[in-house]
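Lettered A, B, C and D in written order, each chain numbered from 1.
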């Protein structure tokens, strides 16, 4: 009993730390990536007493991003605008960050790990209705953006809030539809089950990943996910050039950091969801619970901890890849106009999602049951 | 659900429900409503209704309450003024509340219900789907009609009609100048 | 429920409402492709669909069969309302054509919502479980909220819609809570299972059942506009566009009473001792409040609203009696009430358009000279609502009161009779205004064939149902008997166990 | 295990609070929120009763009630919006065009 509790606590803390750190890494990715695309050097300040320079290493801005900036932002004055709604103003950043963090709970980051007599599912909280839980948590996420802007008592911030909440609930539909199609294919709402169902291969070489069943669903989830995390080309709620920073214009210090962390965590969440639903989650091609089964028929036996570790690493690589993809998209595309955004959501993606759902349903009936 | 956890959520639900009806600022009422809804969702999950509890969070908190928020923004509602007098209504409310609290005591004292043991798939999506597409098929189809009604109805009532034909029209027939 | 046997899926039970719902969808699709001026022609589609549904209602007649796992019931009672409700809606459509254009209502949405509302009413009549009944009620109510508020540019309309909506939604809560408690007590929301459980005396008096029953009475009381739950009625009736008021006064009442009578009189009959007292009070209060308040009204729509409350009271008198003899009387009464009210509102619509006027009593002054036909028709409908022999209103009232007397509700019948006498005053006021007062000279305007046809239908129905009541009474008896038949085999089975 | 009665009692209490809210508040939006509160209390009651009997019917009903609540919210807020446009207020006391 107690040991289970401890294991659960460790898993939870591990995932939260992982997400927060990954968010920080993404910030660095973003700086360096944008610089790469724009043919600049990017973050290269704040070396550690010039040690790196003396050793002749290139300054990658790591200390800048991971130590100097957080220090700066957390020591700034925590400013509350006059006539703001103090209570909601303070609450909003937590409302933004908290739902994103809790929505990682049912996402599996590895297969079973066997330690002694304990079988540990590598997922914080195995839920039979995990997908509903994620959708519910995402639904809660609206309020951070919505109330933050409203409470600031700043008209640009409020405009950002209005845009954010309208955009979020519009694209949530598409997101839900594409996820439901996957659920129909696998016949379960449990994400770990969905991952397990993606093991094995077709024709001996093609991994049985969800992307093969649901290519359109993948695209829909990717687009809707980017819109959910309010990134370019859907960054109208923040729209730096028109709204300063949208709903968190008035925020500073730790609260602003919370909003930014929430944004990056949301990128990680979208990537994790995409990897889990469409790219096998922690599945490594040809790796089964007892080792590699290569297409040629060779068998490379591996022990359970190694398999679990490989799965976790594979999951991490997939997540980081999709984070990178989102950053690439962010620095490549221009911003939509707001009516274009709504048109795309309601008249483009939503009908596509419905068609996808319909085709999936018919196909499942034709084949005679889910996978 | 253990009694302690129940007590926590129940207390929070009641306090925030009181917050909904007692606070002057509509946005604060709304926030209190969200808390109540989430507490109710948690209690539902405690009653083994996992899917429905989560749906409650998705549908109510994620969609319906956001609609309220939009309308509050749109109408630019600030704090309500302090309400004066209206003793009659308040008296009525007091009587109604007393009656309902009487009902409450009737529940607590005169009924004896215990939780039965249920299968592990109780409240799962599969079980719900089986019922919805079985015994409740007609009800399910009717809800699709209801949603259509909502779509058509909202468009009919809330859209500002752009057409000049209507813009030039007097609001009622009787308001027309009698020629 | 397994107790009800295998899942029977019968197209017969869904044919008529299905046609109406499909027509609504077709109306939307066609209407969206038409320009604003053309879109008024979608009314014809609506009309066709309603007529087709009325014909298709025959499919639902026959012996008592429960289908779709208890959700819908096939019997003559269902068929009776499947026929009556679309016909009433069709009459409303007939006199809506020019009125919708004149008020500038969005025609496509108007007809689509009218059809949705009709579907909801029909589902209430055919529902075999409380949840379908509830959903039917919501479909019809929500459509009606919107239709009441549809004349956007008229502040009265949106106010009417607002009040109707808020009080309607409020009452929904009560009804739903009642359903919940009944579900808790009986373990099912299927009416048959509920009835079977209620028969067991041990359950019948549990606080769950009594509270649930009370809350359901409150919920239905709101919907049928029985005092003291009537406060929304006058405002909603007055502010809504007149054709919508007609739908509210007739269609919604029909739907609500169809469900109410089926639930209370047939399935909850064993609890008669518990609910008859409450219903007694509701009936007496509704009649008195309705009739007394109607005396003071200057606006005819408002007066008809109070009159509708009073008529709900008369119907409740019959329900209080609660014997199976009263069922046919109630159905017959609804029949007469529906056509007389439809006719009255059709006249109001015509007057509003022909004279470009409101619906004040003064606006009807001198109608007999300006529009003798309209005045004559209005007089006919007023007399029927008043209960003047030999019109439908009289026969119905007489029928109900005599059954109530047989059931020894003497005081209630005395109150009802006194009320009928009082009501004569305000109905007569309309006739007096039309025939004996001078009004401003107003030129006659367009004659609309559809409106005249609607008037003719209503007038003919009022006269024929009153003059030759026997076929209608026997139809009502057959309908009610077929609905009641459910309990006999069930009780027999129960006893053999 | 918490007895079902407690859940029913909580449902009744929330329902009562919602009812009182409808009666004492003048702001139409808050009135409407109170109605939502009532519907939620009913939902909780349904779930609790269903659990007591071990039948999932209660949950299915809640599913339908949620849809009804959503539809009511959309239509109701639309109507409130339309009324606001005509009168520029959401105070129930100021909707007094219709009265005798």
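The rule is short, and it goes like this: a residue touches a chain if its C-beta (ideal position, glycine included) is under 8 Å from a C-beta of that chain, and two chains touch if they have at least 3 such contacts.
For clarity, every value in this text was computed on a predicted model and none was experimentally measured.
Enquirer: Just list the two chains that share the greatest number of C-beta contact pairs.
Expert: Comparing chain pairs, contacts are most numerous for B-D.
Enquirer: Compute the centre of every chain as the mean of its C-alpha atoms, then state which one is farthest from the centre of subunit C.
Expert: A
Enquirer: Averaging over Cα atoms per chain, report the distance between subunit A and subunit C in Å.
Expert: Going by mean C-alpha positions, subunit A sits 54 Å from subunit C.
Enquirer: If you average the Cα atoms of subunit B and of subunit C to get two centres, how far apart are those centres in Å?
Expert: Averaging C-alpha atoms per chain gives centres 28 Å apart.
Enquirer: Using CA atom averages as chain centres, what separation in Å is found between subunit A and subunit D?
Expert: 35
Enquirer: For subunit C and subunit D, what's the span in angstrom between their mean Cα positions?
Expert: Whole-Å distance between the two chain centres: 25.
Enquirer: Among the residues of subunit C, pick out those that touch two or more other chains and give their numbers.
Expert: 131, 135, 138, 142, 145-146, 149, 152-156, 158, 161
Enquirer: If I count partner chains per residue in subunit D, which residues reach a count of at least 2?
Expert: Expected reply: 8, 15, 18-19, 32, 41, 50, 52-53, 57, 64, 68, 71, 75, 78-80, 82, 85.
Enquirer: Residues of subunit A touching 2+ other chains?
Expert: none
Enquirer: Strictly by the criterion at the top, what is the full list of touching chain pairs?
Expert: A-B, B-C, B-D, C-D
Enquirer: Once bound in the complex, which stretches of subunit B touch subunit A?
Expert: Where subunit B meets subunit A, its residues are 25, 27-28, 31, 34, 41, 50-51, 54-55, 57-58, 61-63, 66, 69-70, 73, 124-125.
Enquirer: Using the touch definition from the top, list the residues of subunit B that touch subunit D in their complex.
Expert: Touch residues, subunit B against subunit D: 1-3, 6, 10, 13-14, 17-18, 20-21, 26, 29-30, 33, 36-37, 40, 43-44, 46-49, 51-52, 55-56, 59-60, 63-64, 67-68, 70-72, 74-75, 77, 80, 83, 89-90, 92-93, 96-97, 100-101, 103-104, 107-108, 111-118, 122-123, 127-128, 131-132, 135-136, 139-140, 143, 146-147, 149-150, 153-154, 157-158, 160.
Enquirer: What residues on subunit B touch subunit C, complex-wise?
Expert: Per the touch definition, subunit B meets subunit C at residues 103, 106-107, 110-111, 134-139, 142-143, 145-146, 148-150, 152-157, 160-161, 163, 165-166, 169-174, 176, 178.
Enquirer: Name, in rising order, each residue of subunit D that touches subunit B in their complex.
Expert: Spelled out, the residues of subunit D in touch with subunit B are 1-10, 12-21, 23-27, 29-30, 32-34, 36-37, 40-41, 43-44, 47-48, 50-54, 56-57, 59-60, 62-64, 66-71, 73-75, 77-82, 84-85, 90.
Enquirer: Would you tell me which residues of subunit A are touching subunit B in their complex?
Expert: For this pair, the touching residues of subunit A are 85, 87-88, 127-129, 132-133, 135-136, 138-140, 142-143, 146-147, 150, 158, 161-162, 165-166, 169, 172, 189.
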